[in-house]
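The following block contains the structure, expressed as structure tokens.
All chains are identified by letter, namely A, B, C and D, in their written order; residue positions are counted from 1 within each chain.
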Amino acid sequence: MATNTPNEVNPVEPGGTAESEAGPSRRELLVKGGKVVAGIGVAALLGNLGNWALSYAADKEPIKIGILHSLSGTMAISEVSLRDTVMMAVEEINAKGGVMGRMIKPVIVDPASNWDLFAEKAKQLLLQDKVSVTFGCWTSVSRKSVLPVFEKNNGLLFYPVQYEGEECSRNVFYTGAAPNQQAVPAVDYLMSKEGGGFTKFYLLGTDYVYPRTTNKILRAMLLAKKVPADKIMEEYTPFHHQDYQTICGKLKKFAAGGGAAVISTINGDSNVPFYKEFANQGLRAEDAPIMAFSVAEDELRGMDTSALVGHLAAWNYYQSVDTPQNKQFVANFKAYCKKNNLPDGDKRVTDDPIEAAYFGVYIWKQAVEKAASADVDKVRKAVYGSKFLAPGGEIMMDAANHHTYRPVLIGEILADGQFKVVSRSPGLVKPEPWSEFTNPEKGCDWVGHQGTYQK
Amino acid sequence: MSDGTTDTNRSGGLGFAVVGAILLVVMPLLNLLPPEDSWFHLSDFSLNRFGKFLAFAILALGLDLIWGYTGILSLGQGVFFGLGAYCMGMHMMLTIGKESVYGSDMPDFMVWNQVKELPFFWKPFYSFPAAVIGALLVPMAFALVFGFFAFRSRIKGVYFAIITQALALAAWLVFNRNDTNLGGTNGLTDFKQVLGYRLSEPGTQRALYVITVLCLGASYLLCQWIIRSRAGRVLVAVRDSEKRVVFSGYTPANYKLFVFVVSAGLAGLAGLLYAPQVGIITPAQIGVLPSLEMVIWVAVGGRGSLAGAVIGAVSVNYGRSVLTNYFPELWPFMLGGLFVLVVLLFPDGMVGMIRKGKDLLTRRKAGEEKPIVPNQKVVVPEGKR
Amino acid sequence: MVISLGRTLVALGIVGLLLLFEPSRAIAADGPVSAPPTASVEQALTQVASEDESIRQAAIRLLIEQGDAGLLPRLEAIRANASRSIRQAIKPLMDLLKNRAKLASPDSDVRRSAATDLGSSGNPSAIAWLDAAKVNESNKWVRYTIEESAALLRLASGDPSLKVAAAEKLGELRSGNAVPALKALVEAGAVAEATEQQKVLAKTADAAIDRIETWGDWANAIETIFRGISLSSILLIMSLGLAIVFGLMGVINMAHGELMMVGAYATFVTQQCFTAWFPPDVFDWYFPVALPVAFLAAAGSGFLLETTVIRFLYGRPLETMLATWGVSLVLMQAARVYFGDLTAVVAPGPLRGGAQVLVGVYLPYNRIFIIALSIVCVLGIYFALFKSNLGLRVRAVTQNRNMSACLGIPTRKVDSYTFAFGSGLAGIAGWALTMVGNVDPGLGQNYIVDAFMVVVTGGVGKLAGTIVASLGIGGLNKLIEPGLGAVYGKVLILVMVILFLQWRPSGLFAMKGRDAD
Amino acid sequence: MAEPSSFQNSIIYLDGVTVDYDGFKALNHLTFMVDYKELRVVIGPNGAGKTTLLDVICGKTKPAAGRVVFGQDKELTGKHADEIVKLGIGRKFQAPSIYGNLTVWENLDLSLKRSSKGVFPTLFGKSTAEERARIEENLETIGLKDYAHTRAGSLSHGQKQWLEIGMVILQDPSLLLVDEPVAGMTDKETEQTGQLLQSLAEKHAIIVIEHDMEFVRQIARIVTVLHEGTVICEGTVEKVQADARVREIYLGRQKVAH
């Protein structure tokens, strides 16, 4: 899927002072710098042999897993958190004796927010490091870039971010939401009496695959629900767009007379300028709420939330979800970040992709144990239909379509960057990679069929 | 000619043959012959990756021609690279056929974009020769038009650099648009075959590698021929004193246009070879930052030296590939730092350093003639001061 | 020299800010008096939770007529224990009461938003409340909204004569919010079986729509112009420092965007210091304080950049560009490592929201502020260049470096200070940009290519060129965007710039004369 | 042709040319002509418009008013510099303008007059024996025979000046514009340069701009004095030196003792 969201590491947070925050990271940098000086020569000489040497330094026969998240470049801000999460899960599992008595040994690579480097690093993980499973990717394009590599070499990828659907790969497990688990229920909610009974929809997104596909589904859905076509507007802005004056002007005109809601799939750093402009042009959350699919706690951390309060988001998990295991999870995550001197330490927050990345590791672990093997084909079968008590409540892997049953939660943004849940699906929602509105004839099934099939 | 090619004349032929033999014969054999666990075995992955670097080296040659020799800084080479890669990519998209996710004859992204009919500009790319010719001619034609307007009005120096940068930004924005039917941010991917050969087969990749090496060799010889011709000296002359070139009866704009178009063609060729080897081409490869990075390759290797361009492209990309494994957060520091360092201290890059080292060793013997340093500023550049 | 100029700018900035800090706009309005609940009210309060729909409706009607916000806590209690259908039934009642109470709020924004809500509630009882509130209302725009809401409610009421009057009123108010309702009336009047009354009403509504839409076009035009000016001022403020350095040294500083980022982070850090060390009621002051901090941080970085890198590359503008780009990579990554997150600063109170100047025309304060700041910067630079000693030297070196050196002007120092000053301006730009966007490592990249274009189009050495070019590029951009969208707008502008350079290859105000090239 | 018959003999003819730099009139309604095979020296104080005069002739600067005629009937006004060069006007700049990264030989080779200097003829062109002989001969003339394969950037200042003159000669122009050729030269070099120019004047028309009065006396036949963009005096060296206005300008404005 999607977002260019914030969340790496490290900012100065409210309450702390700038200096005291900058200190450790600077020292950290110096230490790293030292390592570089020492390491560069060796690394440059050994090149790929380095990996080989490292892997033999470990204990007897660990299971190797790959972590394929951008640690530098524009996406680092989002993806570093997922690496941390996976590492935390790995540490937890290893502390309890590993998988079938074997330690998990993560191989971390950095595709540097560069899509073709994603393909290269995926090849490296599969062909050279021969990992059993890979946890990674954030943007749709990075997933699409590695997909052929995984399919060609029969690898296994756990993809933890909500996405646009219309994909059904034998080599990927999708632990984030399919469109029918996020976008569709969110709009359903807005149309309901409880949600405000909105009748006009402005679909606004960053111009790439996730917003385009999501909006295609939403448009089909709205038309099916008898919303006239002239009450639906669709607009896309380029990545990193900053100037939302014109769009907010259009929006104001569209919203006049009431009953209008904005469905935002705006990505990453465009959000703050958009919300600010929206508020400054005199638009209110009461008249025209913005329902966002790419704004989560991690993005709101350290952001000026004043312009966002009262607007909505749809996810499958929030840090504020009130379950005992979630309290434990949040506390563990903060403790992990603090212990490992990760930037921001215990000020870190959890959100939907973090939870999805986390339980993905456990789903894989359970499957390996069930299959008594780390072999991709065996693990795949063992994943089908497996359940896990995730922080946000029990989730279940679909019996055939490689996606995940999850609950749908609509949240309202609060001033502290957390969400108040205003609506919750009655139970777990079955994932549908092919939307009933745009591809009613298609289904995804790797048990009874060979992937995508005609119903 | 003086730009270091005088010594290439003497020892260059041999060096070219040796390097060519290693790249063309030894590397594929190392991939093919030794058993997989041998120390000498070169994995499919490494060979394929190296092929990608060599494709970049072709682009670097073109950039060296325009920047190193002629002194025109083009910050828009990524655009030409992208045009070439997209032409090839479009062909490969069309050959996927029913194997795609949607099982449609149309490329996947058009299906989800609800494009019902293949846009007209896609149609020629059903043909492989058309795609190859397009990958070369489209960038060249684009460079011809853009360059014609730029050079005709005597836009130069910093001005030219800035408008080519703006061009890269504009191209990036346009390619990112979904309604241009070029695949948007996701670009073109999931290629299956080229000319009926499966891209997933190591043999196909090996063949692509060999073709890349051959293209690189041919490009190298082409560039060498250009710079050794009188026209090549005019290019250097343009860099040294454009005013004098005008007053010697040449029209510098035509020469600049020529070299700009050639460099665009080489960038297109690089893109053409890149797409099938990497298996994806996205707008991320053609924007402002990648275009600037291409300049780094040449700067690091040594501008004004063809060998330098090749060495720079390969070593910077190899460095990135390896170092991002170990020091991901430090890579941008290194890249930036390297660039500042090279510009400040080693304006002739790695080749310049090697040459200087060699000179130190041979000075006693050779004596008389001063080493020729291509980038030493002799004439204060026009435009400023 | 630079410092004294910095001081001037700081002073000007602070003055500008003070002008924005308006005295608080509290007014004393009499709220609805909370009388002790009468027996009927008490009865209604129990009936409101009745499962019987008709009883419940009657109770709700009564409570609305009473309009007593004092009952809210009790209703809340009832709602907490009620079933879902009852909860949903009570909610509109509570919203109405809440909004009625809010009509008496001291905060004009709250009053206004309450009036808007009442207008869209569709409940005729609110008409009387609104009419009552209007009498005491001193704020022009709140009164406007009250009138608009009342008219909207009347338009939805049953009385035909009221409806005609309301339609007329809404036309008079140029209320964009009324258009959908008015259009519905026009449609109702157009059908064959429409009554005479409906036809009259349709005619009135049609006339009202006409007025509203004509005005809407005007408002749109005004806002478009404002947006153009606003974007131009952002470009201008970014380009000024760049242009000065370009004029003097022939160098485009590719790290200029990252120096802006330094300014933005300086602002962010200042904000963090304020939240940490100062009481919350002086929090808003972090922003003016951040101005000199941002200026000095960026100027310092610029000075460092000049002394360690750029001075060794004189006479090689292209190499300088590349080296500064290397520096920009390093700075960006440094920010990513130190600050990481996508962060943003909290706008100080006076810069939040917008001023409504005309019906349908909102001018956000942050944008007005940036426009004002760009004017201040231009004036500041004008004085620095033309009225100060350093300025004289800068101009001398810009025109003829060798001659200046012969006359004993320390050209090296002039370069150094000018570069630092240009960088400081970048810091100010970064400071100002925190008001419209994020503070993140990519901040500098967002508009920077546009800023380069401005400088190139404007030409070397003339402030006026930069001003005209940024107005041109910014204005055109906003003019084209509504029609073509942001992307093709940018592409079109690039084409226009290239064509423009055909006509003037070295920019709008190129230096003429023998030394020109 | 509407020109009076006396202009029929001039190789270059400027008619009422005005050049305006932001209000400053570098040339003010200047009328000026030079005959075929004439060696003309133009002198004048700083800012008199001497270099601008050359700029206008070779198309580097566009006049605001007036016109420039080359030969009998070739209108130069509005033409680009490269077109004007092809018509047969060569120029040596004040600061030596050569290709520092090429050898002396290559410098000359590029300057040699050829039938076409378009991209493709140049790309495929090979030097003929005759062309090489001309370059050899030229090297002899400018005294750089021993430096043929030296990088031009490492020549001495005087050698660079000569190289540039050599390059201009190889273009075989009918009119040579020479801007301060002896600036920075030693006395001996100056004298040699003078001889060189005089010998060239047998085949070409030459306009020399010079400050050094000694040198002017050595080479000049007719001297034109420019002041504030107009001709104030024209004639032999003696006549010019005797002219009261010239003395006033030089002595009154700046103490040039030459």
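In this section, a contact is a pair of C-beta atoms (placed from the backbone, for glycine too) under 8 Å apart; a residue touches a chain by one contact, two chains touch by 3 or more.
The model shown is predicted, which means the values in this text are computed figures rather than measured ones.
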Chain-contact steps, minimal, separating chain D from chain A: 2
A-B against B-D, pair bridged by the larger set of C-beta contacts: A-B
Separation of chain A from chain B, taking each centre as the mean of its C-alpha atoms, in whole Å: 35
Centroid spacing, where centroids are CA-atom means, of chain B and chain C in whole angstrom: 43
Chain centre separation (chain A, chain C; CA means) in Å: 31
For chain C, residues that touch 2 or more chains besides their own: 333, 336-337, 445, 487
Residues within chain D bordering two or more other chains: none
Sequence positions of chain B contacting 2 or more other chains: 173, 176-177, 329, 332
In the complex, chain C residues that touch chain A: 88, 113, 116-117, 120, 176-181, 216, 220, 223-224, 227, 230-231, 268-269, 272-273, 275-277, 333, 336-347, 352-354, 356, 360, 362, 364-367, 436-438, 440, 442, 445-447, 478, 481-482, 485-487
Residues of chain B that touch chain A when the two form their complex: 43-46, 48-49, 52, 101-103, 109, 112-114, 173, 176-178, 184-187, 189-191, 200, 278-282, 284-285, 318-332, 334
In the complex, chain A residues that touch chain C: 5-18, 21-22, 25-26, 29, 72, 74, 76-77, 80, 193-194, 207, 235, 237-238, 240-243, 245-246, 249-250, 252-253, 256-259, 268-269, 272-273, 276-277, 279-282, 284, 286-287, 299, 301-304, 306, 343-344
Contacting residues of chain B [partner chain D, same complex]: 1-3, 226, 229-231, 233-234, 236-237, 239-241, 243-252, 254-255, 258, 369-370, 372, 374, 376, 378-379
Chain B-touching residues of chain A, taken from the complex the two chains share: 32-33, 35-36, 39-40, 43-44, 47-48, 50-51, 71-73, 76, 109-112, 114-117, 119-120, 123-124, 127-128, 139-141, 144-145, 147-149, 152, 164, 166-168, 207-209, 212-213, 216, 236, 238-239, 452
